[in-house]
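Two complexes come next, and they have one chain in common, subunit A, joined by subunit B in the first and subunit C in the second.
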Partner chain A sequence: MYVAVKGGEKAIENAHRYLAEERRGDPAIEELSLKQITEQLSHAVSRVMAEGSLFDRELAALAIKQARGDLIEAIFLIRAYRTTLPRFGYSAPINTADMALDRRVSATFKDLPGGQILGPTFDYTHRLLDFALAAEGLEAEQAKEAEEAVDEDVPRVLELLNKEGLIEAAVPGESDESSSVGDLTREPLEFPAGRDVRLQNLARGDEGFILSLGYSTQRGYARNHAFVGEIRIGHVAVEFVPEELGFAIEIGDILVSECETVNQFQGSKKVPAQFTRGYGLAFGHCERKVIAMALVDRALRADELGEEKSAPVQDEEFVLSHSDNIQATGFVEHIKLPHYVDFQSELELVRRLRANALRTQTTLEAAE
Partner chain B sequence: MSKGKTENNHEARRCWMGVLARASVDDLEQHWMREGEGVDYAFLRPPETGLVMTQGRADGTGQRFNLGEMTVTRCAVRLSDGMIGHAYVKGRDRRHAELAAAFDALLQTSSAGEDIQARVIRPLADKFDRAREARSRKAAATKVDFYTMVRGEDTA
Partner chain C sequence: MSNFENTAYNFAYLDEQTKRMIRRALLKAVAIPGYQVPFASREMPMPYGWGTGGIQVTAAVIGPEDVLKVIDQGSDDTTNAVSIRNFFQKTTNVETTEETAKASLIQTRHRIPETPLTDGQILVYQVPIPEPLRFLEPRETETRKMHALEEYGLMHVKLYEDISRHGDIATTYAYPVNVAGRYVMDPSPTPKFDNPKMNNMPALQLFGAGREKRIYAIPPYTEVVSLDFEDYPFTIQKWEEPCALCGETESFLDEVILDDAGGRMFVCSDSHYCKSRQEQGHSGSQSPDAEKASREVAE
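Coming up: the complex of A and B.
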């Protein structure tokens, strides 16, 4: 066992060199630049930023290149990198009502102030492979520009319902300080978790896991019948108050995706029937993720809304403990690493059990 | 200085710091070649990259939550006349933070402030607005016009 560990050094070094060569691929093919990744693989960059929980396009591109396109590996690299940087503080909450919109759609109202803005969407494409893209050097198609920009003031769709009191209000709550907000990068996950911690967990959670859980709510596990009230994708300003200045300044814009769902709620003796809300928000252009996130967020509000808990997606311990793909891949993949000692003891145990069983059998047979 | 005046100054400074944070480092470099000639500054805090945790609100307007971090680079400089400039800019470009801090200091001086405002900040703000407007007009071109469909049915 000891010998196996000692002997690995040279093999590991050579494996890393082999990896580097394989990463580069055929040297006759032009090397991928980070700019090419940020510009042409922007959804991959979005996913690495959202789940790496770090908004930085170039770093995400570097991670994607280093990980040979393995996005979970890239997310791992980003999570590791962030631990090397100091934390300057917390931003003011971003105001998604002030978003510079690339896209804004609602599935609940056809005609609404500000209109349905499709933006650069895959929706309504025929999902046929476009072989024209296989040919290099073709002139890219230009987007059409309207005479007028999108309206400056595009109201939130759910505000329309709120005005009639048909949906629960969304208000900050009693303590609205940044310091009172749970932070998973600082404190371990504890249960029961507040909605703040749940949303942070889901925002950085694995898209595939959250997609599947969201899907499960639609198939009848924790049925809460969601409509997409509004999806917004675009840039929002980030405000920060540096201690040395004492007032808020804008430090730049970030691209985010947001989804608000409208869900059923029966009402109770005290509260008349009212729609409820689910919420999804994440870095980058990641519509699928935020729709699924809103479904899961709503399902996780079962306790708060007095709903019967019968499905995995309503079990916050189950959902929040398994949503992080870095924790998940760490634990799942670690079983491939040397477990020689563990396995030796298991091996001896099985041998002993079998030997004992054989002995007992022999004794029984002799007795007969 | 009255409270109102201080707030006005903060508002003006907040504006130009936002413009400097959003400008490209190449543009800042070009402006500095013209405006920064003979300007001497020392680092109070050399450029440093760190993280700001961005926050969102549940349902857009409700309870706060931590969305994720972003890289930010900050810098503080002091001009030879003692004026101090600060910068906090998205990303990891140290030179961007340095130039933004130097311009922030110059903009607060009575000697150069107004000129820099006119020759640097306004053009940079206009450039940003034009780019944002162009992007927004592309989005606006994808607005669905349901009324057209209704009219079509009427004439049929």
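Coming up: the complex of A and C.
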């Protein structure tokens, strides 16, 4: 005799307990602390803050711990928390020219005012497993402090080009009123999206997706050779203008990564030949993300610059609709939910079509 | 999630501003039946694709007096239905029920209950892809234009091509409908079996698509017509056998595989409907009382 399936509730509860147990792993091994995560897995923390759209190292660390290191799951936890937070308003635009620099490099000039500052980078490390790290308790080497402090005045590389008129001017948004900046967490995405919304979408977008799209531009799909004009990583002050005060006050500082690219532009009927710009910015230390973001941003400007659109990366609707990994993972994974009813409908159809085909065949054979 | 009672979350999770924004979209949707209204869908504590649109709509309309029923695939006991029901129990403390007639608010995925809905009830659908033209034209910019111009020829061509290829319309769920003689609408992935129930339904039907950020609606007593051709009229699925548990011949049946030798049975997908029929004394070939019943008939 058949008994209808019951007990979903109990199964869910038990599955969650099992998950908690697996998350902890062997209880004989010391538990991870949030401090350990923020201090020692800082790139993971950066990615969760950037794609989670919330600058809070401790919460990001908690999300990473809770998600057992699954960063997309951690980003999801942060996003779901973020939507519940009250909004006091929009900050004044941050000024990355005033950044307290950890790193600043330019690929377009050998030397330049402010100099090249490598900072804490994987670049030029040999990717050889460091077995010494496997032993715990070793003291890390300390970097020597430079004799001179970083210049106070580190001009933007692209502004140096701008003085000659070789590069397009960075056009501010249509209005500098903070209320007019698009926010796709408050308004549904509509097309064509402005560059503000596009950049917000890319900054929140999946690093892997943006990376692959950026890569595709380098391999000839909307090729637009890019030079890294400048990468800056460091802390910037966040300012907010409370209505009752009427002037800006500093409410804290955040670590951001910024990339500005200098791209070729052959000129079009509308515009003479000139270098053009791509822009990338994200929370935390995520250089790969912002370089790729700048490539994609530039490719998405095809319409504005009158370029022929031939590649996926130039297609605003395609890129912006599929960049969000929380939307993507939810919808891709939802096909594991029950679909008995739809599948039953398809079964019925296929059986009926096959029966019809068989009947027609038999009739034909009989007629012969 | 476990300690909702102790946290600062609002009634039904969403803050009042967000609810107001959703209610505005709902009002517009009711005013223009079948039209997809963009809304500023929020990130919910469940994944996109798991009912976030329906959950937001339910959260925006639910009140402390409501009695809530949640079903998935017609059943109150599928895991995701259980999870959504628990979510609202925790965040609203409203009464929940499995009884269709007792519920004032029903959230559903993929089915319309077999028991006819009545005046004053609200049926909330979870919608994955709200755009009926999406698989014919992937661009939102294009499909919005097509709706504006009432340019639905492409859909009829698709149905026609089905007939020329398969001898039949090969759409079995998410079967497109025309609402109030104007908009072509996706009824969500309900089987086409349920389409006739949407027509002139006394209850208010609300549709929420969270990931795609769209809301649409069918007001009570609105004409809903499944697209078809004069010579190929719309038909619904039929089964060769009745429900094996309650003997019903007019309900949507799920196929249950019993063994690896081709053994199978068919049971109502609407679990509450099936259960209440059994309680009323109906039985089928696999009912516990079936043998007894057939003995009695023989006597």
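Throughout what follows, the second predicted complex is superposed on the first by the 354 of 368 C-alpha atoms of A that agree within 3 Å, B and C clash if a C-alpha of one lies under 4 Å from a C-alpha of the other, contacts with A are read in each partner's own complex, and residues count from 1 in each chain.
One rule holds in what follows: a residue touches a chain if its C-beta (ideal position, glycine included) is under 8 Å from a C-beta of that chain, and two chains touch if they have at least 3 such contacts.
Quick caveat: nothing in here was measured; it's all calculated off a predicted structure.
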Partner, of subunit C and subunit B, that touches more residues belonging to subunit A: B
Which superposed partner A:Arg82 touches (first subunit B, second subunit C, both, neither): both
Touched partner set for A:Ala273, first subunit B, second subunit C, both or neither: neither
Subunit B versus subunit C as contact partner of A:Ile12, first or second or both or neither: second
First, second, both or neither for A:Ala355, with subunit B first and subunit C second: neither
Partner chain(s) touched by A:Ala20 [first = subunit B, second = subunit C, both, neither]: neither
Contacts on subunit A seen with subunit B and repeated with subunit C across the two complexes: 82, 86, 185
Sites on subunit A touched by subunit B in the complex: 49-50, 53-56, 58-59, 82, 85-94, 96-97, 100-103, 110-111, 115-121, 143-150, 156, 158, 170-173, 176, 178, 180-185, 194-197, 199-200, 203-204, 234, 237-238, 240, 242, 244-245, 247-254, 256, 258, 260, 277, 279, 281-283, 297
Residue ranges of subunit A in contact with subunit C within the complex: 1-2, 4-9, 11-12, 76, 79-80, 82-84, 86, 185-192, 317, 321, 326-327, 329-334, 337-342, 344-349, 352-353, 356
Partner subunit A, residues of subunit C touching it in the complex: 9, 15, 38-45, 47-50, 52, 72-74, 77-83, 86, 110-111, 128, 139-141, 166-168, 170, 172-173, 189-193, 211, 213-214, 237, 239, 244-245, 252-256, 258, 265, 267, 269, 271, 274-275, 286, 288
Residue numbers on subunit B that touch subunit A, as the complex places them: 10, 13-14, 17-18, 21-22, 48-72, 74, 76, 86, 88-92, 132-144, 146
